[in-house]
Amino acid sequence: MRKISFLLLCLVLIASMGFSYSVAIMITGEIGGNPIYEMMVNGAKEAAKEAGFDLKVVEGGYNTAKWEPNVISLAATGQYDLVVTFTEGMPKSVEKVAKMFPNQKLALLDGLAENLPNIFSLGFKDEEMSYLAGAFAGMVTTSDMPGANKDLKVGLLAGDIYPAMTDRMKPAYENGAKSINKDIELIFSAAGSWSDPNKGEDLSEAQLGQGVDIILTIAGGTGMGAIEAASNSGNYIIGVDSNYISMAPETILACTLKNADIAIKDVLIRAFNGNLPFGTSERWGIKEGAIGFTFDDPNYIKNVPEDIREKMLGVFNSLKDGEINPSD
Amino acid sequence: MIGDFLHTTIAMMTPILWAALGGLFTQLGGMLNIGLEGMMLVSAFSSLYTAANTGSLLLGILVGISSSMLLAAIMGYVSLNLKANVFVVGLATNLFASGITVFLSSNLCGTKGTLYFQNAPELSEIKIPGIENIPILGDLLSGYDILDYLVFLAVIICFIIIFKTPYGFHLRSVGKNYRASVSVGISVYKQRFGSFLISGFFAGIGGAALSLPIKTFVGGMTNGRGWIALVAVILGRGNPVGVLMASIIFGAASALSNLFQATTDISPKLLLTVPFLVTLAIMIFYSVKRKKVNAQ
Amino acid sequence: MHRINGLIKTAITIGIALVIGIIAILLTSSEPGNSIKQFFIGPFSNTYFFGNMIAASIPLMLTGLAASLAFSASAFNLGLEGQLYFGALVGTFLAVKMSGFPAILAIVISIFASALAGGIIAGISGWLKAKWEVNELISSLLISYTLVYVVDYFLEGPFNDPEAGMAASPYMNSNFMLPKILSPSDLHAGVFIAIAVIIFFYFIYKKSTVGYEMVITGRNRKFSNYSGIPVKKVIILSMCLSGSLAGLAGIIDNLGIYGRMIRGYSTGYGWNGIAVALIARNHPLLVIPAALLFAFLESGANVASLMSDITPEVARIIQSVIFYLITAEGLVSFIGKKRREGIKT
Amino acid sequence: MQNYILEMKNIHKIYSVNNVTALKNATLKLEKGKVHALVGENGAGKTTLMKILYGIEKMDSGEIMLRGKDVKIDNAKTAFELGIGMVHQHFKLIDDFNIAENISLGIEKKNKYGMIEFKKIQNEISDLSCKSGLDLDPCTKVGDLSIGEKQKVEILRTLYRGAEIIILDEPTSVLTEQEIQRLFNTIKMLKNQGKTIIFISHKLEEVKKISDQITVLRNGETVFTGDTARTNIEEISRLMVGENITFEKLKCTDKKGENIFSIDELYVKDMEDQYFKVKGISLNIKAGEIVGLAGVDGNGQKELIRAITGLSKIEKGSVFLNKKNISDYSTRMRREAGMSYIPKDRVMEGSSPESNILENEISTKYFKDDVSKNGWINREKSLDLTKFLIKEYDIKTPGINIMVGMLSGGNIQKVVISRELSSEPELLIACEPTWGLDIRSQKFVYDQLEKIRNEGKSIFLISGNLDEIMYLSDRILVIFDGEIVKNFDNHDDLTKMEIGKYMMGLHIEEKPEKECDNRCTESTD
């Protein structure tokens, strides 16, 4: 009974809304310490500016368990035409909310939900990103670049351990590296925190001490320490998500890009225009322009030997055309 | 490998040791300083921000120390003058620090995210000529930044302050038996407030030692180091040398855990428990031994 | 008379702390009116937020009681966080594995297993203290840190639900969930369990021989020894009870709200429980209002960040300002003194 | 007009906490170089008056004149700058610090770098300790000292701080006969050096012996001041309490029964578990017998009692109660077997000051059927018991819910004794049962002990007060260096000096006077 009256209240609220379109974004975490969310928010802001809709950004905090109630709360207000949230941990929550509030439109990015009529979801092909990084790492560690050594070891520094990391990103990175030389060994470390650069530095130093010469950092703020460690020892880093080579051009050789800003902007504009296909999901990778690589970066061109750059372009195109399956 | 291990141990422990030296003073005055974490965090931000904008490391460190001491003074004022529970005030300090640093970061630097100041002056590593190339010893003694070296001097200075100067003497007396201290005209308030300020001073350097060498600030980057410092304080039993030993134990265990991450297939998560388990084991070992020695 | 005076004093102190919190909002918000409204009235504005607030207070009541129980026997249990988290893992694991069991049985077993697990963990610190004089404050803290990682390990690997997409356990049978109150909010029947437990322990504390032993030992250990009270057993027991309550606090959210265990869901329950106990001045019954106050501040911050321009960091600043002053016994007399001085000059 | 070094006139003080008038019109006038006794019952206001003089308490009205000048003393620091030093009844010493550190705390000598010169301080203190006859090694940790030695440290501290007026708050209440003799020598020496001494006591014989002048306080009022030589004990005693109280030596009874309690070759180590403090003690106590244990503090009494009561481990030997070997029993089991114990420290060990009277009264029997059932304490039964004990033992309290710490010393002791006796023990161990009590309370304790002895119970009395031991005991054992060195029957012609000889170990060999050399042998830290 209460439930029904509550929903009625929501309906009344929706009915009383003005005409302006409004979107709420519930960030699964905090903007601080997570560059991908910063990109997402920027993309959303651009879309809001171009299309002219209201945008509300809510930071869900680091307590994973509080994210779902936040989405429910946003839906319950009935003030928003679309509620957006992120990550592969949220499909169940989004589905639950969609069932609780059948009139609330929901979008999930960076994760795939069941195709309920009021959900649109968009996932990224993270494995393509990791595979690219793995292939690049393999080429560097087998090269005669000044920071590369004879040990066939590449590193991966993760902020924490989560299914997408263990199930897709880590294996794809390893596959990428092994596609260059199957004897390449992966050394994996996890800091247990996305915001502890000092721990990142110590872990990276331990990896470098074991003969690793290039590290992929998927570790948020923690990864900053890896850059410092690698630059002190003259070794290399691969960045993820956005291009921050300029931070340490000698050390960060390349970044794999996840154009989350483009994706969210596209989704929001489509939703505003009324042509976002709710009830479906999409999966974006290199082909869709969501995954990229810093081929054009002048420092990349300057610091990475031409043969590696050419080979990388080949790998990139093969992935794009589906000739390579990064997952095996 | 041994060299790397020793080097990491020292580099790892110094920020903790700085903060622990701070916590030692409040402990001697009879109070548990839960706010070390917050003091470190505030200083990590303010020292780096200042250093990056003025180009002066010294100024950065000084501002870091000042901000941490300001927080310590608030803690002292609220707990001593307003008689609030020092534990709750400590938790408030940590909460405040985690909020204010991100708030300032977003207002001053336009981002709540990772702050990296490429052009900030670097707290660079000092290579000691001659020693630098000796195996193991070179790793152990050379190649740290100035704050790493200074912390050992600080241990000695703290030792002198605590055991040789009237201030330390009075502070210890307050911690042991404040009624007796009052009866000879010692002000408990002044001693304790002073210990908060000193606490802030050292925790401030600890915070700067986190952010300056990597020119990076991330919200919450202290990640529990203030708590570990507190553990070191209690294990150190009121003596800076004891605090040093406790910090070394923790540093070595952490270095070991990092090494295992790079050399074994054991789950990284389980390896993260190594520093805590080792510290616990050593603590139990000493307690048992103490009891056994007494029993003989 | 003294007690009533104390309560009024506490109420005034909390009032002042809240006013200063409002000032903090005025300084940081661009729409202060709305922010203040959302922060302080938001949790009461509809049954959903209200229910969530009460739901958030449930584990705090239990951890607050856990902390106050240990403190009153002068055993410093700083490991609530780990005891709670580990207890929850054990209880959730059993609940998931007992899928075919009758609901009542499964719930009871799962609750008892959690309490037992938390109790054993805390009991280790108590035992180390009694046997070897190992500082229980540090040992419980270190064990707690260790357990958090160990539990995370299980949630990421051996006890992970591959479909969850995050570090979380599989769901338990939905029949095992405690009945909801004020749906769709999180509020569940666990609130009655928590209050019943608090009242039960209040009686234990006030009326039982065990409670008497703990109180007397907490006040004067030498006297207890002299009187023949088994002090070592009391210390171990009080740590055990404290840990069991933490374990109970851990499982109650999983049975009441999530239906599974999510990594990090309990972050801060342990520390906040200690704060709750201190605000309640270790009185078992006062733990209830103290936990509600705490939950109010948490959900106020949450509502404000949903409904106004208060961001998480600003919410933390406001909360911290209130925490600074919430136990400030000298605040009332300080203000009073200032006023008297003002009249004089 | 006479020339006084110090005058306290018309001092008024009301404690706001409980609205008790502590002092009204109290007056005290001191002449330089004299020993001035301040006497009165417990609660007469002696300590309050002295706290006001020492700046720890504030007076409501009145004036203090030092050397003819008005002074305002609002903290201890001012007091000591004015040359007033106080030796508190409860010592204000830090156990973890050594003697030199305790004495110099707050007035450290610094070198030009601001460092404390502990070496110099130690030398000064050992010089001073030789000069003043208070021989102490400045490097000893205070926690390791006996009570008598701690008191010396306190006196030495006032001297080191240059005190001209020294307040001794009930200094003899904690000392043995020999130690009292030494204290009196010290006092005389200080007097000869021109110091003015305020000697607080309620033991009139001592007052008569040591003081030049006397002031009597009753209920916060000065009722008499005059030269000691012109007074007599009876008169002062009447002024103090309004009636005569005297003690007579207990008559031995013939109703001695069987051995109730015996110890066989007992060995016990010290608290740090390092060396033996009790070295093969055997003794037995019959039903209806009071056995007194005399000895200088620190000769193993503490360890013996702790081992008997189950608070410390027995290394070797056995303890029997009612023919049962109770050596392995816990404290509770021993109490169950019929043992009761009045400890020396009634505030920290014998009671829980933060708990109310009821909670204190039931601490040894809360688990018994008298007050609880199935683990739940029966409020009514325990209330009845407490009310009964309050009445029976005449405990003066505003109510049952009063914290025991708020009661006077004598009433706290009554709480302890009532609890211990109400369990109807076969054996009562009584340690310094009248420590710091006034005459009236002392009399009460003696009456209680006599009563239960006459009921056929055994009492083991441990006291540093030889008078007490001689008043009460049927037999007197002397402990020296962890051994029982003598067993006296308490004849009428037994003298204190005779017992004292054994207490000091002089029966073994005549030791030469110890030479005064207290230079530190080890450094601090």
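Each chain gets a letter, A, B, C and D, in the order it is written, and its residues are counted from 1.
Quick note on the criterion: contacts are C-beta pairs under 8 Å (C-beta built on N, C-alpha and C of every residue); 3 or more make two chains touch, one makes a residue touch a chain.
None of these values were measured; they are calculated from a predicted model.
When the interfaces C-D and B-C are ranked by C-beta pairs in contact, the top one is B-C. Chain D has its Cα centroid 46 Å from the Cα centroid of chain C. Chain C has its Cα centroid 28 Å from the Cα centroid of chain B. Averaged Cα coordinates give chain A a centre that lies 35 Å from the centre of chain C. Among all residues of chain D, none touch two or more other chains.
Touching two or more other chains at once are residues 30, 32, 161, 192 of chain A.
Each of the following residues of chain B touches two or more other chains: 102, 106, 112, 219, 267, 269, 272.
Contact between chains, as defined at the top, is found for A-B, A-C, B-C, B-D, C-D.
On the side of chain D, the complex with chain C involves touching residues 309-311, 330-335, 341, 343, 348-355, 359, 362-364, 366-367, 372, 375-377, 379. Against chain D, the residues of chain B that register as touching in their complex are 160, 163-166, 169-170, 172-173, 176-177, 179-186, 294-296. Those residues of chain C that touch chain A in the complex are listed here as 46-49, 52, 149, 152, 156-157, 160, 162-168, 182-184, 186, 253, 257-258, 262-268, 302-303, 305-307, 311-313.
Chain contact summary for the complex, chain C toward chain B: residues 28, 128, 132-135, 137-139, 141-143, 145-146, 149-150, 152-153, 156-157, 271, 274-275, 278-279, 311-317, 319-321, 323-331, 334. On the side of chain C, the complex with chain D involves touching residues 207-210, 212-213, 215-216, 219-220, 222-230.
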